[in-house]
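Heads up, the next two complexes both have chain A, just with different partners, chain B and then chain C.
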Partner chain A sequence: MMQSSELTTKAKEYLRIAKVDLVIGYLEGTTKDRRRAGFIRSAEEADNLVLDERCEDNLAVYLVKENLLARYKKVAIFLNPAGIRTINVLASEEQIEADKIVILGFEITGGDVRILDGESVDDFSELIAQLKLKAFDSEQMADVDEIDSLDVDKRFEYWRGEFSKCIKCYACRQACPMCYCNRCIVECNQPQWICRSAHTLGNFEWNIVRAFHLAGRCVGCGNCERACPVDIPLMKINRKLGKEVLDRFDYFVGSSKDQQAVLTSFKQDDPQEFIL
Partner chain B sequence: MKILRKDKLDGVFEKIRANGFDIFAPVENEGNSRYAKIERADEISFDMILPKGTLKEIFFPRSECLLRYKIAKRKVDVEEADTPNDKRVIFGVRPCDAAGVGIDDAVFSWDYRDDSWFARRNNTIVISIACVKSDDFCMCTSVGSSPDDKRASDVMLYPLADESGWSIEEITDKGREIISSVNDLIEEAASEVALAELASVPVRFEIDKVTSWLNNRENFDSKFWDEISQRCIGCGVCTYLCPTCHCFDIQDEGDVYSGVRRRNWDSCSFALFTLHTSGHNPRATQASRWRQRIMHKFNYYPEKFNLISCTGCGRCTRYCPVDMGITETLERINMFEQ
Partner chain C sequence: MADNFEPRIIAFVCNYCTYAGADLAGTSRLKYPANVRIVRLPCTGRISPLFLLKALQKGADGILVSGCHPGDCHFISGNYHARRRWSIFRTLLDFLGIPKERIWFSWVSASEGRKFADLITEFTENIKQLGPFTQYDKLIKEMSE
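Up next, the complex of A and B:
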């Protein structure tokens, strides 16, 4: 606990000396198990900040909502490693200016909070390089492998069952920092690309499109899965695609802010065996 | 005093089914609890506070076909969808969910009478169970509802203290008919049987104070709306899991020769909801969308129908991905008025 209070004290200090004019952090929630995003503008308010093992949500989603960054000079934000990688992706996709962000980095391991050294996103390159080495190991992929081992019919049945629950509330999209489009493809109707209805076909279309748009962009923060009100295991899809781009292209999403998107860049040594 | 014992439920369901009804009840399905069709009584989850899905889904599905069309050279064939005629008994409904359907009757019979809503309403019998449990999110007593709100229930069951069954209160003619159809499985208790105590749900705000604050035009542009909705991410969880939210969108699915016209749920939380063709959006910010949701439920709907469009089920807070909800907003407004 000593450590986590160091970080909230730091946030307070940044506001006091006007190093930043906004802190996005965690506050206590409606119940004792819940934590919620807080937007803190003064050192006094910063006393309400909390940081503990329940602070799971990737707050970077707020950096791309309603042009938030345009209203502040500099923003400090509590981020875990997936959140830090989010900054790299958003910067490389030119959605945010990385130098406007002061990172208050932390990591939750086994119920403990560990404070991460660094402040600008580049300070965490080594940490991210280390994460890449153990990304998508067999333990993390056990549930995905289980589905992969099924026959195609069974796999289809599994996902049909899961997607049929979808009510198209788009909580997965709204909770995702990478889903920043002002107008999502499901909202385009001239022509209508995606079925709007929440029937099984429409749900397949939505969930597959969502997965494809996140391939090589998802940092695995888990916001989508936590937000889903009907418990669709979206992270199984995200991890599957994440492992695919790592294995095929040696690409770990959000490694640096200059990283080019894997699906829109070409390298001479990219695997090309699919070309007939 | 009429008593329905739990061990008679399968017998009761069998008889009801023999009369052409499907039985629906709250069931738990891998974290996705809802009112769903059941065959046996042991499929019912009596333990949950409320299912995630609301009763409105039974009458107003998240997507339904309104008509089919075919466009030929010189004519258009339109075939309207059949009026739903499935007979259903929904057993074990939470009173706040039933009340929500009662509240929505007003809007579905206002400027036009919604055929599919009322066809389903007329063919459905709602058997509610008064609540003996509540959680931190329940707030029925704050919005004029209660653990045994009788609105839109045909029968209300009161749990017995010994948990062996329920005491029956018949509310409507439909309720009396269904109970009399299973009369031989109903016990007539000679003396009063002890009932379980109903859930004690604390009152969290004074609704009159809240509605009067909302009614003050000056508060429409209050900074409060920006502050309370800062963390709203604009998803549809609160509206889609709400027992009274009833907004929908009409969509054609198909090509230029044939297709289906469907009615789908829609949500005032979405930016697209009020986006004009011109590109202008009168509700340009999430704050204005959250204000709309609160105003609709606690100002416009009461003004139009003399009903508050909230039953206090608490789902909006319970399932909000960012820990928002109606309760906190109204508690805060209540504090302004102290």
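Up next, the complex of A and C:
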């Protein structure tokens, strides 16, 4: 606990010396076991900041909503490694200016909070390189492999069951830092690509499109799955595709702010064993 | 059932290679099954995954996606971009239970009329073996109820 208070103290100090004019951090939630995002503008308010093992949400999502960054000169933000990678993705997609962001980095491991050294996103490149080495190991992929081992029609049944619960609330989209389009494809109706109603067919289509638009962009922060009110295991799909881009294209999402998106780039000798 | 099942097959092809190849198959009087409906796009890069979803939504039993061989794209790199996209998209569909066997990808050049005709013949045979995509059909029916 000693450690985590170091980081909130740092945030307070940043505001006091006007190094930043906004801190995005965690506050106590409506119930004891929950945390919520806090937007802190003064050193006094900073006393309310908390940092503990319940601070799971990727706060970077707020950087791209409501044009927030336009209103502040510099923003300090509490981020775990997935959140730090988010900064790289958003910077590479020219959604944010990385030098406006001061990172308050932390990592939660087994209920403990560990403070990460660094301030600008480039300071964390070594950490991210290390993450790449152990990304999507067999332990993390056990539940995905389980689905893969089923026959294709069993897989269809499994997902039909899951997607039939979807109510098309789009919370998964709103909670995702990489889902920042002002006009989402599901809201286009001329032509209407995806069935509007929360029926299983349309839910299938929606979930396919959501996953595909996040392919090679998802950092695995888990915001989408936590936001889903009907507990659809969206992370299974995200991890499946995350491993796919890593295995096929040696691409680890959010490795640097100059990284080109995997689906807007190519190599002449990309694998094509499936093309007749 | 399987005997008189005539699958609905949609082919999304690029204008400069595969469509020209299909044209050559026609002018060379090569026979191939009439199950295929061809949709011509300017480039493989224009073949959005949404088209594939739409085809499924409208009851396709099989989908062929085809364009210029690597190096031959009229727009230089459309097919390279498409290739990456297809490879991820088919992995996703397969993971969710939409069989790989129902969606084929190929390179067919303007001179490969024979390849096009053979491909359509083989694909149609394969889809006939698989039968209609009943799981998806069920969803479509449920929705229109």
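Here is the rule we use: the second predicted complex is superposed on the first by the 269 of 276 C-alpha atoms of A that agree within 3 Å, B and C clash if a C-alpha of one lies under 4 Å from a C-alpha of the other, contacts with A are read in each partner's own complex, and residues count from 1 in each chain.
Simple rule for what comes next: a contact is a pair of C-beta atoms (placed from the backbone, for glycine too) under 8 Å apart; a residue touches a chain by one contact, two chains touch by 3 or more.
Computed from a prediction, not measured in an experiment: that's the story for all the values here.
**Q** Tell me the contact category for A:A171 with respect to chain B and chain C: first, second, both or neither.
**A** first
**Q** Who does A:A211 touch here: chain B (first), chain C (second), both, or neither?
**A** second
**Q** Is A:D153 touching the first partner chain B, the second partner chain C, both, or neither of them?
**A** Once the two structures are laid over each other on A, A:D153 reaches chain C alone.
**Q** Chain A residues in contact: does chain B have more, or chain C?
**A** C
**Q** Once chain A of both complexes is superposed, is A:S197 in touch with chain B (first), chain C (second), both, or neither?
**A** Both chain B and chain C are touched by A:S197.
**Q** Report for A:E66: first if it touches chain B alone, second if chain C alone, otherwise both or neither.
**A** The first partner, chain B, only.
**Q** Of the residues on chain A, which ones does chain B touch that chain C also touches?
**A** Of chain A, residues 195, 197, 199, 202 contact chain B in one complex and chain C in the other.
**Q** Within their complex, state which residues of chain A touch chain C.
**A** Contacts found on chain A: 147-148, 152-160, 185, 193-195, 197, 199-202, 204-205, 207-209, 211-212, 215-216, 237, 240-241, 244-245, 248-249, 262-268, 270-272, 274-276.
**Q** Quick check on the complex: what are the chain B residues that touch chain A?
**A** Interface residues on the chain B side: 30-32, 52, 62-63, 136-137, 230-231, 233-237, 239-241, 249, 251, 253, 262, 264-265, 267, 270, 272, 285-286, 317, 319, 321-323, 325, 327-328.
**Q** Name, in rising order, each residue of chain A that touches chain B in their complex.
**A** By the definition above, chain A touches chain B via 29-31, 34-39, 57, 61-62, 65-66, 165, 167-171, 173-175, 183, 187, 192, 195-199, 202, 223, 226-227, 229-231.
**Q** For chain C, which residues are in contact with chain A within the complex?
**A** 49-50, 53-54, 57, 70-71, 77, 80-81, 83-100, 104-107, 119, 135-136, 139-140, 142-143
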